[in-house]
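One structure is given below, represented as structure tokens, and several questions about it will come after.
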Amino acid sequence: MIYITRRETFAASHRLYRPELSDEENYKLFGKCSNPNGHGHNYTIEITVAGEVDPYTGFVLDLKKLKEIIQNEIIIHVDHKNLNVDTQFMKGIIPTSENICIALWKQLEDKIPNGKLFSIKLYETENNYFEYRG
Amino acid sequence: MIYITRRETFAASHRLYRPELSDEENYKLFGKCSNPNGHGHNYTIEITVAGEVDPYTGFVLDLKKLKEIIQNEIIIHVDHKNLNVDTQFMKGIIPTSENICIALWKQLEDKIPNGKLFSIKLYETENNYFEYRG
Amino acid sequence: MIYITRRETFAASHRLYRPELSDEENYKLFGKCSNPNGHGHNYTIEITVAGEVDPYTGFVLDLKKLKEIIQNEIIIHVDHKNLNVDTQFMKGIIPTSENICIALWKQLEDKIPNGKLFSIKLYETENNYFEYRG
Amino acid sequence: MIYITRRETFAASHRLYRPELSDEENYKLFGKCSNPNGHGHNYTIEITVAGEVDPYTGFVLDLKKLKEIIQNEIIIHVDHKNLNVDTQFMKGIIPTSENICIALWKQLEDKIPNGKLFSIKLYETENNYFEYRG
Amino acid sequence: MIYITRRETFAASHRLYRPELSDEENYKLFGKCSNPNGHGHNYTIEITVAGEVDPYTGFVLDLKKLKEIIQNEIIIHVDHKNLNVDTQFMKGIIPTSENICIALWKQLEDKIPNGKLFSIKLYETENNYFEYRG
Amino acid sequence: MIYITRRETFAASHRLYRPELSDEENYKLFGKCSNPNGHGHNYTIEITVAGEVDPYTGFVLDLKKLKEIIQNEIIIHVDHKNLNVDTQFMKGIIPTSENICIALWKQLEDKIPNGKLFSIKLYETENNYFEYRG
């Protein structure tokens, strides 16, 4: 079994809040991440697929294809977007890094051509990262 | 002459657009950075001060003080903020990285206790950075 | 289950030696890390907590609180300190990276407000890192 | 149980191809990695050993020795080399990152003086990495 | 004056040698970089352009255009290539990092749409980099 | 003119203080860097030499030689050392990063075989760096 990881980045804005709460209540719950006009990040994601090596090619899967899948299923929906408003697959979900990880997993889970999706890692800043393994 | 650099980061959202233009016209001019609902970045800044070494302390200036000044003059105004709406010193300025550099220079220029402000460097992503030397 | 990691850094000095051995014997055992006057590192730690996402907030735990706990239980005891002399929780322990990992685990194990401590990772240099999972 | 990781780098060239195929067929299978005159990378490897801490030294193993073993078993065979032609332990193997990981595992598996080899991680670029755990 | 830098990477192989010398003589002059079958690197380049900010857009130049120019003038000629054989603009030039910098400068010098080419920086490894300013 | 930079690292401890002052007075002047038992850093240095390219080799200078000179003139005196006590060329000098830069310049200035020493850059942490150009 080999674990292959592809790293990509995207730049997005978001706001953490519950719509039924006041700004003060949201600040209590989400701190400065609840700023009403939003803020943003350069997110880095690491997508790991686990699979066996094809003895003919020496590949688990063609990384060019994995890159295209990540591009089409994730990047075009989140890069230079507002995650609260623009991203269909985040609709109705508070865009915490925890929830983004789970949403990205759902986007990719059935699309991996060889091997199986093993892990989604998301770096929100250089000091905070999150991982989901399904 | 010694050049001292302090690195800090902040997370902000922004939108590049001119209000008198349509979304289509703004897209033509600013590309995906004109997304109407905004997007964001983890910005990294490097503030460089040039000065002479005090023979008694071996310091050009106390980095703790420089850090405080950067905190008060820059970080609290931009971190977890929307640069188009929340940041007083960016009012009326299109928040391109070029313009942010110049605005940060103006914020700091007269506040350096020892030595002189030499350079403002701003990393918008890991692939794009900008520098202003006054 | 989501794995959340917080990264922090601290600057410390240490010396690897057993007090009952001569300098030559310590050098044989610990190499240049036994230098009698000590040496130091910028240590980086990555603290990983595993837990379930609260559906109301989308958080496993409030990272601001995790950061405070790491600050109070670890950073103030080791940052700008001599690990052999200044750090209470390292008393009587040779401050190898292996032992530091285990000591940090003991400091944090019972303090995590939500989820469970999963891993302590310690980078001694850019080329050597150590992990402990309890 | 402590996991110790040593990071090393090497610079090598390679070509991905099957000798019985034409250049066009190889391009279909391996893309630009099949360029007939080769290309190259700064590879980074992370070798992880798992073991228990010796209470006398506080070490799992002497990292200087691990470094020497990696140097002798791996680095001298691949650094500033052509992996298709110069590296004995890659003979007859397509030098994909997957296959390099497995070959490095075989080189090291029986050479670890204390603890057990746990993982071989290989970064081909800053965006693609591969891991093998035996 | 603002300095804008775009960072790109490419993976290439090369060999340092003079064709009129024997392998031994080349080894004396170029060390392990003269390995007859070549070796390779992940090169990182940083292209810096200096210019004035257009008050209408807040841009010195459109980074998307700069990226395209670097792609067409540099990357397609060197990425996944052998610099001694495949790269037209390196023909007859020993592909040392010094000479690559100068060749990249010539490729780009007249192609910058706004502002002027200020610097070419090339990282051969994480420990060695080279800069040329014309 | 080409600027060549070699990056090296070393791990050292130090204490910032003036011997004639009390611990309280030193704390006032140097903050936590005055901790009586010292602390330490993984220092990174970048040594830049400026010179012209030799048309026969395509080199400004042999980087292997530059590496040896840095090793002999700097690294063996500071790596795994206490800068206040162990390092001959820092005797009587408060080991601030400013003063270390100047001392490293003096160590190297006359030893560069081709080209001229252009800059000494010293990273004390990932957030603070210092440069001296003579």
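Here the chain labels run A, B, C, D, E and F in written order, and each chain numbers its own residues starting at 1.
In this section, contacts are C-beta pairs under 8 Å (C-beta built on N, C-alpha and C of every residue); 3 or more make two chains touch, one makes a residue touch a chain.
Please read all numbers here as calculations on a predicted model, not as lab measurements.
Among the remaining chains, those touching subunit A as well as subunit E are B, D. In terms of the stated touch criterion, subunit C and subunit F have no partners in common. Each step here moves to a touching chain, and the least such steps from subunit A to subunit F number 2.
Comparing the residue numbers each copy contributes, subunit C and subunit D share less than half of them at their mutual interface. Chain centres here are means of the Cα atoms, and by that rule the chain farthest away from subunit D is B.
Interface comparison, A-C versus D-E: the higher number of contacting C-beta pairs is recorded for D-E. Centroid distances from subunit E, each centroid being the mean of CA atoms, peak for C.
Inter-chain spacing, taken between the CA centroids of subunit C and subunit E, is 41 Å. Separating the centre of subunit B from that of subunit F, both taken as means of CA atoms, is a distance of 29 Å. Shown for subunit B are the residues in touch with two or more other chains, namely 126. If the chains shown are joined wherever they touch, the resulting network has some other arrangement, not a path, ring, star or complete graph.
Remark: the chains found to touch one another pair up as A-B, A-C, A-D, B-E, B-F, C-D, C-F, D-E, E-F.
The residues of subunit B lying in touch with subunit E in their complex are 16, 18, 29-31, 93-96, 98-99, 101-102, 126-133. Taken in their complex, subunit F has these residues touching subunit E: 1-8, 53, 56-60, 62-64. Residue ranges of subunit B in contact with subunit A, taken from their complex: 9, 11-14, 32-33, 35, 37-42, 79-82, 84-86, 125-126.
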